[in-house]
Each structure stands twice: as C-alpha cells, then as structure tokens.
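You will see subunit A twice below: alongside subunit B first, and alongside subunit C after that.
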Partner chain A sequence: MKFDKRLETVILILTVFFVLLSIYTALIYTPEVREEDGWSAPKAQKIFYFHVPAAWVSFLAFGVVFIMSVLYLKNSLRKWDTIAFASAEIGVVFCTLAIVTGPIWGKAEWGVYWRWEDTKLTITFVLWLIFLAYLLLRGGVESENKARLAAVFGIIGFACVPLSFISSRIWQSMHPNVVATSEGSMSSETGIGLLVGVVAFSFLYMFMLRKRIAIQEMASKIEDLKEKIGGI
Partner chain B sequence: MGELEALYIGYSIIWLGLFGYLVYLHMKQVKLANELKLLEEMVKKE
Partner chain C sequence: MSQGLAIAIKDIKTEFRTKEMVFSMLVFSLFVMVAFYFAFYFYSLSSEALEPLVSPILWVTFFFAGMFGLLTSFSKEKDRGSLEGLMLCPMDRSAIYFGKVLSNYFLILLVDIFALIFFVLFFSYDFNGNLLPVLVVVFLGTFCFVVSGTLISGIAVNAQDIRGVLIPILLIPIILLTVLMPSVNATSKALEGDIIDAIPELRILGVFAVIYIAIAYLLFDFVLEE
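Entry: the complex of A and B
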C-alpha cells in the first residue's frame, strides 16, 4: 500500500515534469518548419507535437486492452478485465483528441478537414468507433458474459491499430509518415520534440490508468457491498 | 482557418480535453469513495 502510494506520487511528478517540458519543447525549442520545405502552414504544424503523441498513446492503450483481453479469456481473472476496461476508456479519450486535432491541422495545411478516401484517416476513425462501441457495450449490455464479450470485441478491435499504423505506407495517403523513412525528413529537434511529447503523454496515460483502475475497483466493492446489504 | 487560429484551437482542445478528463476522474473517485464509506458504515452497523 505504501509502495503503491509512493509509485503514484513518482508517476505524478514525472507526468507534470514531462508535460511542462513537452509544452516548452513544442512551442520554444523546436524550430518552425519552412514553407520552402513544402509546408503551407508552418505555425499550425506545431499541433503535430501533441497530435502524434495522442494517437500513439491511444494505440498503446488499445494494445493494453488487447493483451488484457487475451489474459482474461485465458483465466477469467477480474483484474485483467478491469485493466482492459480502464485502458479502453483512456484510449478513446486520446484517440478522440487525435481525431479532432488532426482535421484542424489538416484544414490549415491542406485546406480540407477530412478526406474519406484517405485510408489512414478512415481506419483510425473506424478504430475510434470500435472502441466507442466497446465502452457502450460495457455500459449497456446486462449479461454475465459481458466481460467475455468485451474481451473478444477488444481483441478484434485491436486489429485496426497495426492497419492504421502502416496504412499511409501501403496505400496512397496525404497523411505524412511519422516514423522516419529512408529519406529521413525529420530534423533532430523535431524528433526530440516528438519524443518528449510521447514520453509526457505515456506518463499521463499511466497516471490516468492507475486512477481509472482504482475507480473501477471501488465501483466493484460498492456492488459487492450492495449485494451484501440486500442479502441481509 | 488561419494558421495561428488552428494552433490555438488545437492546443486548447488537447489540454482542455485532458484536463477535463482528469477532473472527471477525480470527481468520480471522490463520489465513489464517499459512497463506499457510507456503505461500509451501514454494513458495520448491521
């Protein structure tokens, strides 16, 4: 318990530190991209330093849902289901932020908010819908097999993550590749800015996950106590 | 949409969204903690 509290404090301190550092690197440290390099909205490009980490953390969160769902189907322990549910909710929050900020940057850069023919955008949107449905399923369906059903849903939904990640490489897309290609178009400052953003959001994810799991455990305790009181 | 306008809107959505979610988590935690305490007291009494 004492170790848990200490770990939570360490995660909180690291989260605050990296979030502040990420704001500094994004706004001050990283240089503005140049119009000569093909950017039509250099100032709006700074959205990239939080748009990409938000997308990255949503993929990480859905990856955790996948692993926990597999573990739950294997041995039906409640803790795996609790972590999967908590991670899915946080994943949807980060995915929403990535999906909303992308078009804002896109409008400034490309002149359009969205293009349905772009596979990366469409697959990411489908991924968001799948996990939104996952949360609705958890909240709405009254069944003993709810957790099992959600686990299967989480595993299938995760298939969109690698597809979204590689889609701009294998299909035509106006969305830029983030991970450096052989042409290596990212400067070292941009790379550092992006890395700090990813680390900051990953710590934020860990902090939120611990909080969300605690909430879920409390809700389960309340349900158990209510049953106990009802049974007396 | 102008460049700076896009930047301000984008950053506002990111930080208000994250901060809003953290506040939601905190409020839910406080509410459940109170409910749990109340129920535990009820069980003890019975």
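Entry: the complex of A and C
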C-alpha cells in the first residue's frame, strides 16, 4: 500500500515535469519548419508535438485493452477487466484529441480539414469508432456478461486495425510519414521535442490509468457493500 | 460440421414456416431502393451518370437489409429460451456459430438477389453481360459480411434494451474498411467488365473471411458462456 502511494507520487511528479518540459520544447526549443522545405504553414506545424503523442497514447491504450482482454478471457480476474475499461476510456479521450488536432493542422497545411484518402487518418478514425462502440457495449450489457463480451469485442476491434491497414494499402497516403523518413528530414531538435512529448503523454496516461482504476475499484466496492446490506 | 448444418437447416426451416424475417428484409431492401430512386430523382440520372452509383447503392442496400437478418438470428433464440437448449447440446459451441453463419448466409444471399432484381427494375439498369462477375463479388462480399456479422450479433444479443442499435454500432466500424470498401471497389471493377482487375480486392475479401472465421472459432465459446 505504501509502495503504491509512493509510486503514484513519483508518477505524478514525472508527469508534471515532463508536461511542463514538453510545453517548453514544443513551443520554444524546437525550430520552426521552413517554407522552403515544402511546408505551407510553418507555425501550425507546432501542433505536431501535441498531435503525435496523443495519437501514440491512444494506440498504446488500445493495445493495453487488447492485452487485458486476452488476459481476462484466460482467467476471468476482475482486475484485468477494470484495467481494460479504464484504458479504453482514456484511449478514446486521447484518440479524440489526435483526431481534433489533426484537422486543425490539416486546414492550415492542406487547406482542407479532412482527407479520406489518407490511410492513417481514416484508420485512426475507424479505431476511434470501434472503441466508442466498445464503451457503448459496456454501457448496454448487464453486469455479469459485460466483462466477457467487452473482452471479446476488444480483441476483435484491435485485430481489425492491421486488417484495415492491409485493405487500405491500395490508397495513396498523404500523411507526413514520420517514422520512415526520420533520418533524412527530421532534425535532432525535432526528434527531442517529439520524444519529450511522447514521454510526457505516456506518464500522463499512466497517471490517469491508475486514477481511473482506483475510481472503478471504489465503485465496485460500493456495489458490493450495497449488495451486502440488501440495497439496490 | 454436420452439426452446424443441422442447426442451419433448422433455422431455415423455422424461418420459412413464418417467412417473417425474409419477408421484412425483402420489403426493407425494396424501400431502400425506392428511397435511392427518389433521392436521385431530381437529377433524373442517365445511364452514364448512374454508373458510378451502382455498386454503392447495391452494397448499402445489401448491408442494411443484411443487418436486419443478423438482428434476429440470435435474438429469436434468446427470447424463446431455445439458446440454452442449443448450448446444452453435446457439441462444440462453435457449431452453433457455423450453423448460424450458414443460415444467415443463405437468407441474406436470397435478399441480395432480390435486391439486385429490384435495382434492375427501378433503375432500368442493364448489366451488359457483367452479371456473373458481379454475382461472384456479391457472394464473396456477403460471406465476409456474414462471418463477421454473426459473431457481432452473438455479442450484441446480450444487451437487452439496445440490441437493435448495438449491432450496427459494433459492426459498421469493423466492416467499414475490411468488407465494405473492398466489396464496393470490386463490384465497380466487375461492372466495368474486368474481373481480373478486381482480383486484389477479392483476395482481400477471401483472406478476411478466413481471419474472421478464425477469430470467431477462437472466441465464440466466450460469447455464449453463461
């Protein structure tokens, strides 16, 4: 218990530190991209340090949902289900952030908010829909089946992502391809800015996950107590 | 497999005693066609202008009519309490899944074929001898839709109050890129007369059908567990 408390404090401190640091690196430390390099909206590109970490955390969170779902189906322990649920909720929040910040940049850079022909955009959108559906499923099913069915759908949903990727490889992607061209076009400052952002968001995710799990556990404890005294 | 076949035959038999589901699916696909016709009425589409709209209209009709079929495939059993009976049978749980896939496939294909006829009638469309390739795509695309849809239907049936809404909500994001897109693309290519061009899409559909069956085979036991 004591260790848990300490761990939480450490995560909180690291989160605050890295979030502050990432604000600094994103806004001040990293250089602006130049119009000569083919960017039409250099200032708007700064949103990249917010957009990419948000997208990263959403994929991480959905990955966690997948793993926890598999674990839950294996031995039906309630804790796996709680983690999966908490992670799915946070994932949806960060996925929403990524989906909102993307078009803000897109409007400035491309001139349009949304491009359906862009694979990454479309797949992130589909992923977002899948996990919204996941949360709705959890809301609609009564408690004894909820965890099991949600776990099954969590697995199907996550497995669907690589499948969607395969089927859309026929389209041309317009998305700035960060990973593939990192050696060539990304300067080290940009890399550091991005890394700090990713680390900050990952700690934020960890912190939020722990809090959400604690709330969920408290809620089920209250349910148990209610049952014990014969309430509803 | 023979157990699955038995379940499928039982389903089709009970369905054709009342015909209520097939009939409402047929009427629904008729309505969708009429709705499309009047939606485009203002432009009084010529046959060239209609060309790019053919496969989207067809697949939207197939999917929405098909979802009706998926809706009742488990909920009927659940409401009558016969799902427990099926689960008590000394056989693999996945046999129930395969049985449901077969019966759903049969019924939805039937509706698809009628929808094609309605389409030809209302839009006075001429397939120009491309009907066979289109049918190949329809058979494969519908199969892919049914294997994923039956699994989702098994999940959604547990949500008592909102199961009607839940099937489309759970199913559409999953099939959007894996079934809907390749099917529509392949149908458009087949309509142009070059089925060879559509082979990448058909291959994708085939692979996804196998993957969805594998996922269902692995996970269906958990869906039905009580």
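Here, the second predicted complex is superposed on the first by the 214 of 232 C-alpha atoms of A that agree within 3 Å, B and C clash if a C-alpha of one lies under 4 Å from a C-alpha of the other, contacts with A are read in each partner's own complex, and residues count from 1 in each chain.
Simple rule for what comes next: contacts are C-beta pairs under 8 Å (C-beta built on N, C-alpha and C of every residue); 3 or more make two chains touch, one makes a residue touch a chain.
What you are looking at is a predicted structure, and each value in this text was computed from that prediction instead of being measured.
Chemist: Should A:44 be classified as contacting the first partner (subunit B), the second (subunit C), both, or neither?
Modeler: first
Chemist: For A:148 in the superposed arrangement: first (subunit B), second (subunit C), both or neither?
Modeler: second
Chemist: Would you check which partner chain A:100 touches, where first means subunit B only, second means subunit C only, and both and neither mean what they say?
Modeler: first
Chemist: Tell me the contact category for A:208 with respect to subunit B and subunit C: first, second, both or neither.
Modeler: Once the two structures are laid over each other on A, A:208 reaches subunit B alone.
Chemist: Touch check for A:156: first (subunit B), second (subunit C), both, or neither?
Modeler: Only subunit C; A:156 stays clear of subunit B.
Chemist: Applying the document's definition of touch, where does A:133 land relative to subunit B and subunit C: first, second, both, or neither?
Modeler: After superposition on chain A, A:133 lies in contact with subunit C alone.
Chemist: Name, in rising order, each residue of subunit A that touches subunit B in their complex.
Modeler: Interface residues on the subunit A side: 41-44, 46-47, 50-51, 54, 90, 93, 96-97, 100-101, 104-105, 107-108, 204, 208, 211-212, 214-215, 218-219, 221-222, 225-226, 228-229, 232.
Chemist: Note which residues of subunit A are touching subunit C in the complex, please.
Modeler: Result: residues 73, 122-123, 126, 129-130, 133, 136-137, 140-142, 145, 148-149, 151-153, 155-157, 159-160, 163-164, 166-168, 170 of subunit A touch subunit C.
Chemist: Would you mind writing out the residues of subunit B in touch with subunit A in their complex?
Modeler: Going through subunit B, the ones touching subunit A are 1-7, 9-11, 13-14, 17-18, 21-22, 25-26, 28-29, 32-33, 35-36, 39-40, 42-43, 46.
Chemist: In the complex of these two chains, what residues of subunit C are touching subunit A?
Modeler: Of all residues in subunit C, those touching subunit A are 151-152, 155-156, 158-163, 166, 169-170, 172-174, 176-178, 181-182, 185, 200, 204, 207-208, 211, 215, 219, 222-223, 225.
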